[in-house]
Each structure stands twice: as C-alpha cells, then as structure tokens.
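Chain lettering (A, B and C) follows the sequence in which the chains are written, and residue indices restart at 1 in each chain.
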C-alpha cells in the first residue's frame, strides 16, 4: 500500500474513531455515557473537517468546523444532559435484543456497507474516498441503534449520530458541501431536536415514563 | 505384486478372519487372542503398503467379481493411499484394543462381533479403492450395514435399537444422494466407472447439482449439519472400539468421497461452492462444540466433538475449493494439506479418547459424567494417556491438533489476496468463527478430562475400578505416541501428504525455499514458521531446570493435608461440579442455540428436584415435521387400502384396461 | 544465527524474569496512590516470592501429580512466551520456532493446565474456579488471536519480530485498524490478567474469584512460581501491547547487544506509563459480575473482527 499523505492518514484514523464510537454507542447501556460518546463523535468529526479544510485550502470548511464544534460538542450534549436530568432517565437502557446479538447484526451491517462502498468510492476523486464505507457503516449502525432501543433519548442520539455519519461522508468523498446545504441540514437537525423535546414532555406527562412501548397503548385505545 | 493386488488381498484376509471367527462363535479365547490380533497385523500391513503407494503412480485393477457386465474396478492413487494408511494405522490399534475389550462370551457371540467388525473394515477399505460407481455403492452399503449391526450389538436395549434405526435411515438418505450424484456425473454416457466420469464435461447447472448432491450425501455420513442427528445417538450406543472406528475412520471415508467427487471427478470449481461448504463447516463446528459443552454422557460429548472436527475439516475443504476456483493453486494446496493433516490427527486423538472411555466404562460400568471422578488414582495408565489425547484435541502446542489448526489459520490469513471483495470480507468473520470453535473445544475437553479423571470419586463403587489390561494399554500407548509424533515432526508428515496435493489441486504445498526439516514454514520462513520440536524441548528444559534449581536452592519438602473447604467442613465428593454445572456458562451464553426443558423446584416441594434437558433444536424444526409429514402422506396413501377383495380386483381391472388403451 | 542474537535472546528473557514482579509492584503502588492509601514497598512481590520459596509445600490429600507439575509447566510456558515477544530487540532466534499463533497456544496451554490442576483438588470451589477461568478464556483467546491477525495482515507475517519490524521501521504510518485492535487488546489483557473490571486480583471473597480461585490451594514454592508466572503474564501482555502499538525504540535486527541493553531504559519508561494507565483503569472501573464478562469480551471480539474488516477496506 503506497503511503498516503499525512492528512489522509489522519482522516482515516479519525474515520475509524468515528466507527469505533458508533459501535461503542451500540453496546452502551448508560444514557449519560451515551451522550458523552456522542460528544466525542462530534469532536472527531470537527477535527476531520478542520484537517480537510487545512489540506484542501477551503476556508469555508473552517466555518463548518466551528458550527460542528459549537453545536455538536457543546450545545447539544448540554441540552441532552439537562433533558436527562429533568426527565430523570439515567438508568440502564435495555434494548429489544440483547447486546451480543445487536453487535453481531452490527457487524453484518458493517460488512454490507463496506462492500457497498467499494465500487462507489472508485467514482470519487478524493484521496480519502476509502472512508466512504466507514461513513455508511456509521449511518447503518446509528439506524440500528434507533431501532433496537426502547427509551426515547438513545433514539434521538441515534438520529443525531446518523447525521454525523452523513456529514463525514460528505467531507471525505467531496471535500465538503455547499454552505447552503450544510446550513439547511443543521437547521433541520435543530428543529427536529426541538420538536422531539416537546414530544418527550408530552409523552412523559401522558404515561409517566419515557418507555416507548407505552405508545402502543394508543393503538389499543383506538381499536375499540 | 502391485498395490491394488495387495489391498484387495488385505480385504480378503479381513473377510476371511471374520468368517473364521464365525466357525466357533462362542469361543472367546480364539476370537480375542487370534482373530483380532491377526486383524491388527493385516491393518499394519495395509498401512505400510499404502504408505509406499502415496508417492507412486496410480494403479488400476479389474476384478472378476461383480455382475457379468459390470466388473469391479479398483484403483489405488495417492488420495486413496492416504486414507488407506489412516484406516490401517488406526484399525490396527483398535483391533489390538478389541482383543482385550471383548471379555465376556454372554450376550452377542464374540465370533459374530468379530465377523461384523472385520466385514466393516473390509468394506471401508473397498470404498477407498473403488474405481466405479457400482463397487463404490456396494462397498458403501456394506459399510453402513456392517456398522449398523455393530452399533446394535446390545440390541436388547430399546434406546440402542432406536439409535441404530436412525443411523441406518440417515445413512440411506445419504446413499440415495450419492447415487443420484453418480447418476449426474456419468453425464448420459452410461459409463459408471470413475475413469469415464473424469472424461465427462458437464455443462450448465449440472456440475452444481452434482456437487451439492455429493455434499448432501457425503455430509450425511460425515455428520455435517443438518444431517448430523444420527451421530450423537449412534456413537454412544455402539461398543467403544466400534465408536472409535466409526468416529476416527468411517467419517473420514465420507471426507474421502467428498474430496474424490469435488476435485477428481468434477473439473473446475465455482467460488460460491467453496463459500457454501465453508459456511456449513463453520456452523457445524460451532454447533458441535457448543452442544458438546452441555452433555452429561461422556461418549455423547465425544460424538459432538467429532461433529465439530468434521466441521473444521469441511471449512478447510471449502477454503480449498475457493482458492482453486480463483486458480491460486499453492494456497489451495496449503489448505488441502491442513485438511488432510487434520483428518489424520482427528483419527488418532479421537480413537485414543474413545478407547479410553471404553476402559473407563469397562472398569466402572458408568457412562454418565455425574457418576465418575478421581479415576487418575485408580487407572493411571488410562488417565495419563487420555491426558495426551485431551491436550491434542484441545489444540495445544506442541501436540498434533495444534499443527493442523495452525496450518488452517495460516491458509485463512492468505485470503485477502482474492479478487472479490465480498469474499475477502467474509474471511475475518470465518476466521473468528474458527478460533471461537477451537477455544470452546479446549473448554469442552477440560470439562471431559477434569470430571472423569480428576477430583474425587463421585460414587463409592468407583473405588473398585481397575486399570486397563495389557492389550488395551498397548493400543492406547500406540495412539498416544502417534499423537506426539504427528505433532513433533510436521514437516515429514507434510512431505508424506504432498503427492495428494499435486494430484488433486495441481500444486505442491512446499515451495522452493526450504526452511529445513525442523521448521514448518508453509510459504516463506520470514512470513511464519513453527517448530514444535524446539518448543517441546525448550519447555521441557525450562521445567526441568526450574525443578532442579528450586530443589537445590530451597527444598522439595511436601506435606499432605485436607483441602480448603471454604469454612464448610461437611464437604462430600458429590459437591464437586457436575457435568451440567460445568457447562452452565456455555448454556447461559449460547441459550438461543439450545432447546432446553428445565424443571425448577418450587419452595413448596417436599422433595425438591432440579432437572434440565438440552435437546437439539434441529430435531424439532426439521426432523419431527418431516416425520409428521411422511406420516400424513402415509395415511393418505392408506386410503387406497380398503381391505376388500373386490376393490383390489377393480384396481387390477382398471390397470389392465388402461394398458390396453395405451398400447393401442 | 549469530552469537549476539542468542545472547540478546537470553538477555531479554532474563530482563523479563527480573522485571515482571517489579511491574506488579509498580501497578499496586499506583493503585494505592490513586486510592489515597499508603503503598507497600515497590519490591514487595520479590520478597513475597522469596518468602514462599522457603516454606514447606502443603498439598491436598487428593492431589495427583498433575497438581504438582502444573506450576512448573505454567512457569515454563510463560518463560517461552517471554522469549517470543520482542521487548528489547527483534533479533530473537527462538521466535522462529513459535509465531503469534503459537504464542496464544502457549497461553492456552498454561490456562488448561491451571484449570486441570484446580479440578484435581476435588472440592466444589476448585471446579468453580476452573469453570470460570475457562469461561473467560474461551472468549479472550479468540479476541487476542484476532488482534494479532490484524497486525499480521498489515505486516504480512505472523512472526512477532517481523510484525514489529514492519510497524516500527516503515515510514511513520497511522494504521486506523490498529486503533480498533488497540481497544480490543486493552479489554482482552484486562480479562486475561485478572484485573478489574473482570476480576479483582486483591479479593479474598471466594465467590468473586476467577484467577485467584485456581491459586487458592497452592502454597510455598508452587505458589511462588505461579505468582511469578502471573507477573510474567502481565509483563508479556504489556510487551505485546507495546510491540504492536508503540514499537518505537525496539532495536531492529542486526544490532549488537550493547544496543539491546540501551533500549532497556526506554522499555522501563514505557512499562511505567503502562502501569499508571492500568492502575487508572482499575481505579475508575467497577468489577462486573461474571455473566457480564461475555458481553465485555464479546465487544472486544467484535472490535477485533472490525479491525480486520477496516484493514481490508482501507488497506491499512
């Protein structure tokens, strides 16, 4: 394997860290640690964007880095911590299927994404295109996390982590996206968070718990 | 005299010995002092002949037996010679053991058992040298029939009869698949000799059909999932020497058949065949070892362990097919070497363990692990030799199990050079499954050895256990020595196996750079090398030096005292781990694999009882529905049988009218 | 192989034997500092081993020769492992006889013999300990193998000196798959060396023991050898970790033994930092119950498999 320039190697490394964190979130049971892992993921993302900005001399990516840092490493985790404290959902999160099975499914998804990405990444013309597979794998794993969790907060974190993966795919495959697109996505995510926050309060008031299986009761009420 | 003549001579001799035993069936001394030892001698002679035939050119012979138009063809080439050597070497040991094992002349007559036994051996040898489909099927069926009678030696017990029936049923299902496979392979030419089949070039989907029929048929006999259910029933039901022979040699004849069809009779392999066999092998390996961990009967445990080893062998064959499909013949040769080496290793250590359990059974009349224990004090010979077998099967250096697993792992590590990325990515997962199976095998074997031989006796009658007799000891020593030798001089063994590689995959496994006789270096000494002899010498040297230094510098005094009882003085031997207890962690982790029925005591029971039964889920998902389905079909067919003569006559009448119309 | 190679091999084994108890003492001292306690002397493990050698051996009435032979075999296996792992130099003649897979095989040999010896005593507790240790082992051993395979995929060789040569002496490369492998390796070495969060090495409650359960019945010189072997195991695992993930400073083949001796201080420094990290992990985590251990080790196993997959994807 011919040696890549230093920035490409660093981006590869940060990509692996991203995947590692996605996997760790899949296996994690405590909500507080989950939020911290999400913050770490945001940090890795910001670093990789900064490196791409430096290496390809695109100053507008520095703004992306700043936004990512402020939003994903500072504001969102702080909001989520406060939410967790207000809603009092600190204890262990149990999934629909047990942790080892989740991880095996996760591994299968990773193999699937890697294989899918190999022909696609031939089309891109960046040095870091091999990380497209990792970005897709992160998206898949976050989706899996959303599916297999029972409480609401981990589902939100899965949603946000999916967005992390997509953002990383964009920076690695195309060296960033137009500012408009990026601001649009960021706004979507922020609005989504606000709506979900409102939702959680309503759910909590209705059922006195954030366990989403209570939502199934709504169906039975209708069926009468 | 050429090799085929000698082999046919050995077959005839075995049959002759068997018939001779029938002359005085109840005369124990004749059977056990004359017939069996002579059979062992014939086995050794066969192994010697085969040894020299491995590196010789293939030789054919047409025998005047058989039907007028279908004479028997026999052929000895390197593949047959390798498996003949395996058969001869192991059969010799088992025959010597049996001479000492069958001690009573009540029950089934010893002469009858001797006849069935030698017929079994003769049939297996004939399978290995068969050169056309006809004699292959004759020999295959005789092998199944002879082993059925051997399995049901104690036919008065219903479970044993049931086990024999299941065995025969699945053997026939497999034989049907093999027959169909030969039918496809002859490609419409009507020539059922293997030489004719080699000339055929099948097109379209027919090679795949033949391949998968062969996989089904030979897999049924070898014990691959899902046709494995007969193995855990038949092996414990048979007498121990027969179990040893079945597990060590009969399963390998199935592997021989599969190799013969996939590499010799079919030209050109497809990559997805290799992936299928690899996947099936790994699933069987994991299944076998996980079930072995929860067994309470020592022979069932060894039977499931055989399923695991056959799974590993099948995984190796899958890898070989994969490499061959991509024309990487050197790597295919290495994986084939690993497969054949593992066949040889498994034959030696599995027969050693089964024969050891035979001695334990003889001495204690107990098969259940929960009633054994502490036998190392009463049966030291058996215990120490079984330790060699246990360490070998657990895959620990420097014994033989480790060498074949090492070779297989090396072959797996070469796979990233394959062109298809999907297959490349499956390889880490496959390697992970393989190493998991190997690690679990160590767990299972520690359970087996520890509960049977170590600790304190769990029942009081174990104090009367006696050690194995002289003949039994000889056989066990021979097999243990084989395990050690196969582990220490792998380079010589690989040199032996190499002609088979050349014949089947077209390349030798030894490359130009020779690392010497001491080091096993499959590709390149820089890449990886292993020298078991040096490892053994160094470990032994360190151990001896440490013992000497410690005893000189300090002292070697020892005092005996009762063990630590954790503050509970009334400990009995029954409080040691039972077999269920030792398997409990595996049961907890792998719960989805099993179908468990538990009976838990409630606080209100007068006599609380705990019982757990672990069953094979495939039995319930696959076999019982098929059995019920065939029952339903049978009942529907029964409507034809009305029981009245006029109805039957009406059937004949209508058939006659239909035929007359048809002829017109 | 030249004389200097054999000499450097012997020096390495001797350094391992000498330094291993010191490493254990250092980890204990760091733990005590972190927990605001007064630490015992750094050389306490040496004094313990010597004290044990002098005593009379007391052996259970039921014990067979396997029980008495096991400490020597375990010690021998760990010494052989120390001869394979490149800690000071990669010029190791013995490493040609045993590669990474054989290294794991040696660890398995030691584990199997200890379990057999524990079952030999014939008490309920011995077989409990054996069962638990084999349980932790059957998940940790595959994970370790997969970590070593990741490294061997990168360097196209399973021979440890070769791996170190490739990782240390090619241009400074960052291998992302090694990031995964590093996390997996840390988890595996915590489990195999009987450290929190898998097992508490300082516990005296029998029901929580895994590794200690198998040592419980041993005394005197047998216990001394087993304690030394456990220290050697920790040393070996640390050296494997350093060789795979921080291989700078290990002398490449062809140097003389003076250079080998001069790489010793760097090794000591690296081990000291590793000891602090270990003590930190132990202080910050809590011991898991035994049935959480499969999840923990299963995660390590999956991460190691993932490391191989990332390697295949990225080529690094």
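In this text, contacts are C-beta pairs under 8 Å (C-beta built on N, C-alpha and C of every residue); 3 or more make two chains touch, one makes a residue touch a chain.
Computed from a predicted model, the values in this text were never measured in an experiment.
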Problem - Which of A-B and A-C has more C-beta pairs touching across its chains - result: A-C
Practice task
State which chain is most central when centres are taken as means of Cα atoms.
Solution key: B
Practice task
State, to the nearest whole Å, the distance from the C-alpha centre of chain A to the C-alpha centre of chain C.
Solution key: 36
Exercise for the section: Could you put a whole-Å number on the gap between the CA centroids of chain A and chain B? Expected result: 50
Exercise for the section: Would you please write down the residue numbers of chain A that are in contact with two or more other chains? Expected result: 100, 107, 111, 114, 118
Practice task
Would you give the residues of chain B that are in contact with at least 2 other chains, written as numbers and ranges?
Solution key: 421, 425, 429, 589
Exercise for the section: Going through chain C residue by residue, note those that touch at least 2 other chains and give them in order. Expected result: 294, 305, 309, 312-313
Problem - chain A contact footprint on chain C (complex, rising order) - result: 171, 173-174, 176-177, 179-180, 183, 294-295, 298-299, 302-303, 305-306, 309-310, 312-316
Fill in the blank from the handout: chain B residues touching chain C in their complex are 373-374, 376-377, 387, 391, 394-397, 402, 406, 409-410, 413, 416, 421, 424-425, 428-429, 431-432, 435-436, 438-440, 442-443, 445-447, 449-451, 454-456, 519, 525-531, 534-535, 538-540, 542-543, 546-547, 550, 553-555, 557-566, 571, 573, 575-577, 581-582, 584-586, 588-589
Problem - Touching residues (chain side chain A, partner chain B) in the complex - result: 100-101, 107, 111, 114-115, 118
Problem - chain A residues touching chain C - in the complex, by the definition given at the top - result: 1, 3, 9-10, 12-13, 15-17, 19-20, 23, 27, 99-100, 103-104, 106-107, 110-111, 114, 117-118, 130-131, 133-134
Exercise for the section: Give every residue of chain B touching chain A within the complex, in rising order. Expected result: 421-422, 425-426, 429, 589, 592
